[in-house]
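Same chain, two partners: subunit A is paired with subunit B first, then with subunit C.
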Partner chain A sequence: MKALISLSALAILSLAGEIFGFKRQTNVLLIIGLLVTLVLNFMDWNTNISYFSNMMQYDNFSVAFTGAILLCGLAVVLLSPHFFKVVETSESESYAQLLFLMAGGLLMVSFSNLSMFFIGIELLSIASYILAGTDKRNLYSNEAALKYFLMGAFWSSFLLMGIALVYAAAGSFDLATIAAYSTKGNLSGYFYLGTFFITLALAFKVSAAPFHFWAPDVYDGSPTIVTLSMSTIVKIAAFGAAARLFSYALYPAMPSMSKIWWILTALTLLVGSLGALQQTSFKRLLAYSGVANAGYLLLGLIAANNNANNALLFYLIAYSVATISAFAVLLLLSYKYDDENGEHFKGLATTSPWLAAAVTVSMLSLAGIPPTAGFFGKYYLFTQAIAAGHTSLVVVAILSSIVSIVYYFRIIINMYIPDENSLPTALELPFVYKIVLIITTITSLALGIYPSVLANIL
Partner chain B sequence: MLLLQTVQALPSPLHNGELSIDAYIYLSAILFCIGLLGVLLRRNVIVLFMCIELMLNAVNLLLVALSNYHSDPAGQVFVFFVMLVAAAEATIGLSIVVMLYRNIPNTDVDIWNRLRN
Partner chain C sequence: MLTVLLIVLPILGAIVAALSPNNARQVALLSTLAQLCITIYCVLTFSQNSSLMAFDATWIAPLGIHFKVAMDGISLLLVLLTNALLPFIVLSGSALDPIDNRANTRYSLILAMQAALVGVFTAMDGFLFYVFWELALLPIWLICLLWGGENRVRITLKFFIYTLAGSLFMLLGLTYLYLQTPIPHSFDIAALYNVALSSNAQSGIFWAMFIAFAIKIPIFPFHTWQPDTYTTAPTQGTMLLSGIMLKMGVYGLIRWLLPIAPQGVQTWANLVIVLSIIGIIYGAIIALQQRDLKRLAAYSSFSHVGLIAAGVLAMTTQGLQGGVFHMLAHGINVVALFYVIDLLERKTQTRNIDEISGIANNDREFAILFFIIVAGSVALPLTNAFVGEFLLLNSIFIFNPILAAIAGLTIIFGAVYMLRVYRSTMFGELNANTQHVAFVHSPEKWVLYPLVILILVMGIYPKYLMDLAQPAILQLMGAIGQ
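Presenting the complex of A and B:
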């Protein structure tokens, strides 16, 4: 709760920076503020207090997911200043939107009432519509904002319909009351219909197939720093919200919806990996890789229990860390070349061996090769899915990860083959990028070698 | 004529002389579907926008009716949240439309499909 208040205060502070003219200091203020927020957040560990007459509940689940969101936000804020030198947008307004987005994410992982869930998802979505369109003169950014907005608003009305139908059956928005109603048995049809609508809306939010069409376009069109926050923060928040909703309240509806989940998960895995195979742009490749990774994460949602949530958290952290380091290198390349093609990765190792090493670790982690975090992330998710009796889905997931090795390794191989067009000098590597890349690479490796640190925290 | 017969064959929405909850659920489902079809069929960005608002308001109607049915005020409070969010969404949506219109003066959504290839 303290974390949420502190985050909202920081968002207002960065808006005030625009008015009172301390824009230049905003970045430093935010970095300090986010570190303080992280500390405040972890002070709530093991307290389990509910706030606002049971509207929100800060248990270990929400503290852990909040921590992940805050760390990703910190990485985005650290990487931002160099980006805003290249793209002409108002820096402190973008920070304010990013922080509002994170505040929405915090609500989404700590709600215990469906109204807070709705407010959180809308706060997150509205901030991300604005962020997608921050590059106002760029037609691609415009298109990304329009597509994201129309699709997002359309699916949020489905979410709302789902909530209303669950309310029709259970007579309350409170998660505990809904859980009590749904475990009683003899559920009304409205409950199943409502759960189905909520599932569809969340499937859109996490970019699961067949609702993934927006993802590559929006990820590609948005400014790169926004793509980074959408593929890490939004993903963590959306999966956190889904895990919380299904494992706290809607789990009795899961067995009867297992066919829908099967189709959703299998399709997401296949579409994500097969789509990524055909991409030449690195940003689009990461977007499709995000779709494929959403498929693995859906495996963790189906089980809808505490161990599965822990596996979900582990994989989300592994995925986010790898994505942050890939995007940091992409940002560095985009400053030099002014575009985001995968082409420029060719021969990177000859001029900047350390950057190439960081990208290699991140690609290995995304592909799930030991000793990286991604391997154990997948291992835990697969174990949970098998325990829940979805062996056939795990087979699909393993096939999909075999396909994914092809496109992740294509990038690694490109980097290590000397190219005649490769850079004459090494890329300029600012200090903060160095710090972020070192931390993400070490985290990827450390979680791969000592997975037990995060394996049983929830 | 057939339509009239079908309507007459539906279970009566009157329950002890009052409208039963089913009538409200049917009405809001119909409104929701009109909005849904509008989003799928129309291509003008402003009309799309209105259709999405219609979908949201269909749910508002349902929430108010259910709140009365369950005699639970939470549903009506939720409607205030939804109206607030819909207003915020309308603001953002219209400003996105204005931003687009400055770059390409057209309100057809189909011209915005450069990213696909």
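Presenting the complex of A and C:
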């Protein structure tokens, strides 16, 4: 709760920076502010207090997911200043939107009432629509914002309808009441229909196929720093919200929807990895990889229990850490070249061996090769899905992982097998980027070698 | 504790080697020799109750995953193989090093590979086994990618995806087993052995794990990655692959597949043994056609391991004894063979059999050494390969005499193509390529001598090594329930 107040205060502070002319210091203030927020957040560990007449329940689940959101937000803020030097956007507005987005995410992982859930998801969505369009003079950015907004608004209506239907059946927005109603058995059709609508809306939000068509275009069109926040913060928030909703309240409806989940998950896995196979742009590749990874994460939703939530959290962190690494290097490349073509990685190992090592660890983690966090994360999710009886889905996920080797390893091979004709000049590596890359790389390896630290915290 | 030391030491060696660009080979040699000394100490003090070599610590508590390593006779022999071959593999890089400015990376990767291999052979926890299994793949992939020959990108990617695909299904199988263990679930090997499976589940587990091992070994028709990879890999990579890495597959069969799904093996034994034997014949016939020495050796290796797989899958005591012993013998022989091929290629600039001839005229000593290696490859009595192949054929004979007769052809075919290679490269007139070839004073010979001595000693007195593995094999046969 303190984290929510702190985040909102920081958002207003960065707007005030624009008005009162301390724009330059905003970045540093935000870094300090976010660190403080992190501390405030973890002070709530094991307190489990409910707020606003039981609209929010700040339990360990919330603290853990919020912590992940805050850390990703911190990485985005750290990587931002260099980006804003290159792309002309309004800096303080972007920061403010980013913080509102995080506040929305926080609500999404700590709601205990469906209306709060909706407020959270809208707060997050509206901020991300705006952020997608912050590169005002870029056509693609405009397209991304519009596309995202129209699709988002459309699916929000489904979400609202679903919530209304669940209310019609259970007579309450409160998660505990809905859970009590739904475990009684003899559920009304409204409850199933409502759950179905909510599932569709969430599938859109997490870019699950066949509702993923917006994702590559929006991810690709948005300014890179925004794409980073969308593929980390938004993903954590959306999956956190879904996990909370299903494992706290709607789990009795899961068995009857298992066919739908099967199709959603299998399609997402295949579409994501096969789509990524075709990409030459690294940014688009990461967008499709985000879709494929949503597929793995969906495996963790089906089981809808506490262990699965933990597996979900682990994989979200592993995925976000690897993604931050990859985006940091993507940003560095985009400062030097105008496009985000994967070919720019050619020969990187010769000119910047440490940078190449960081990218290698990140790609290995995304591909799920030990000893990286991505491997254990995937494995953890697979175990949960098999335990819940979805072995066939795990087989699909394994096939998708095998395909994903091709495109992740293409990047590694490019770096280590240089183009004989043209050796790239070394990339300039600013200090903060170095720090972020060192931290993410070490985290990827440390969580892979000793996953116990995060494997059982919920 | 000693086992952990055997895993940690190469990792430390790898780090030091990576940080010393100028004398990485010396560092690597020192590290592998120290490793060999510890291994020999383990062999000498080995007894079945030796708790000195076991280590068990909780690794991932919530999932019941332990870092559990131990050595019984079977593991010990494979660890011995790994650690005995590694110094030779390190030494064989002496020619490549001066022109390679990334030699430190290469040695670092070789040592990392050693750590992972020892891990694979000693892991007594299913998850740990899988992790080491994958960790062994990364360094060898990088070695083949960075120092490989033509078409390396395509070939190594195929190799990686092939092997990873297999092992992911093995992980699926292991996870299924894990979830069948009593709560709290455990990956401990004893717990996995004790899982009672229905016959359908046995078949499922059998295929999930068999494909992983079959790709690694490789067994026909999962072998298509192998000849290209062997040929394109640098010699050190080929040695690691053929000498040690394919033993991971056979070891996997013996340690994990047979005891966990014996009924599954029985159900499918006919099919997979026939597949292995097809591989034996197929590999031999292709080897007969090859003019490229390295490709020939690759196919010959493919042919020989088919025999190991068939003998082991017949699930007899003789088969396991022969399989374990022949893994050692084959490892030594194939490393020696690839070393000779590399020497020939370096001195004559060609790998084509037709372009090399008459070397015996220049260097008789080398010709004799090479002859013993060839004799080992064709399993002549008194060489190490004879013991293993005999036991393996015996095992197949118990399973089905006709199949044994067909499998026995491997020895004849092997003699044909190996002796032909020997005749054409060593005898005849010297030609332009071999005019000045002589190895008399070259230090490389000092790599060949110990290998040749090993071939003979193991062939003349196999009992010592056989006795080491015997109790473990009997115990395993007990677990299989035969």
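Here is the rule we use: the second predicted complex is superposed on the first by the 452 of 458 C-alpha atoms of A that agree within 3 Å, B and C clash if a C-alpha of one lies under 4 Å from a C-alpha of the other, contacts with A are read in each partner's own complex, and residues count from 1 in each chain.
Everything below uses one rule, namely that contacts are C-beta pairs under 8 Å (C-beta built on N, C-alpha and C of every residue); 3 or more make two chains touch, one makes a residue touch a chain.
Note that the coordinates shown come from a computational prediction; the quantities given were computed from them, not determined experimentally.
A.B. asks: State whether subunit B and subunit C clash or fit side by side on subunit A once the two structures are superposed.
C.D. replies: Superposition check on subunit A shows subunit B and subunit C fit without a clash.
A.B. asks: Looking at A:Ala9 after the superposition, I want to know if it touches subunit B, subunit C, both of them or none. Which is it: first, second, both, neither?
C.D. replies: A:Ala9: touches no partner chain.
A.B. asks: Once the structures are superposed on A, label A:Leu277 by its partner contacts, choosing first (subunit B), second (subunit C), both or neither.
C.D. replies: After superposition on chain A, A:Leu277 lies in contact with neither partner.
A.B. asks: To the nearest 10 degrees, what angle do the lines from the C-alpha centre of subunit A to those of subunit B and subunit C enclose?
C.D. replies: For this superposed arrangement the angle is about 140 degrees.
A.B. asks: If you stack the two complexes on chain A, which partner ends up touching A:Met43: first (subunit B), second (subunit C), both, or neither?
C.D. replies: Neither partner.
A.B. asks: Have a look at where A:Ser401 lands relative to subunit B and subunit C in the superposition and call it first, second, both or neither.
C.D. replies: A:Ser401 contacts subunit C only, not subunit B.
A.B. asks: Which partner does A:Ser157 reach: the first (subunit B), the second (subunit C), both, or neither?
C.D. replies: Touch partner of A:Ser157: subunit B, not subunit C.
A.B. asks: Going by the contact rule set out at the top, does A:Ala168 touch subunit B (first), subunit C (second), both, or neither?
C.D. replies: Only subunit B; A:Ala168 stays clear of subunit C.
A.B. asks: Nearest approach of subunit B to subunit C by C-alpha atoms in the superposition, in Å, rounded to an integer.
C.D. replies: Superposed on chain A, the two chains' closest C-alpha atoms are separated by 27 Å.
A.B. asks: For subunit B, which residues count as touching subunit A in their complex?
C.D. replies: Those residues of subunit B that touch subunit A are 25, 32, 35, 39, 45, 48-49, 52, 55-56, 58-59, 62-63, 66, 70, 72, 74-75, 77-78, 81-82, 85, 88-89, 92-93, 96-97, 99-100, 103-104, 109, 112-116.
A.B. asks: Please output the residues of subunit A touching subunit C within their complex, sorted ascending.
C.D. replies: Answer in residue numbers: 310, 364, 369-371, 375-376, 379-380, 382-383, 386-387, 391, 394-395, 398, 401-402, 405-406, 409, 413, 416-417, 450-452, 455-456.
A.B. asks: Which residues of subunit C touch subunit A in the complex?
C.D. replies: 59-63, 127, 130-131, 134-135, 138, 142, 145-146, 152-153, 157, 160-161, 164-165, 168-169, 171-172, 175-176, 178-179
A.B. asks: Which residues of subunit A touch subunit B once you look at their complex with the stated criterion?
C.D. replies: 115, 118-119, 122, 126, 129-130, 133, 136-137, 139-140, 142-147, 149-150, 153-154, 156-157, 160-161, 163-164, 167-168, 171-173, 216-217, 220-221
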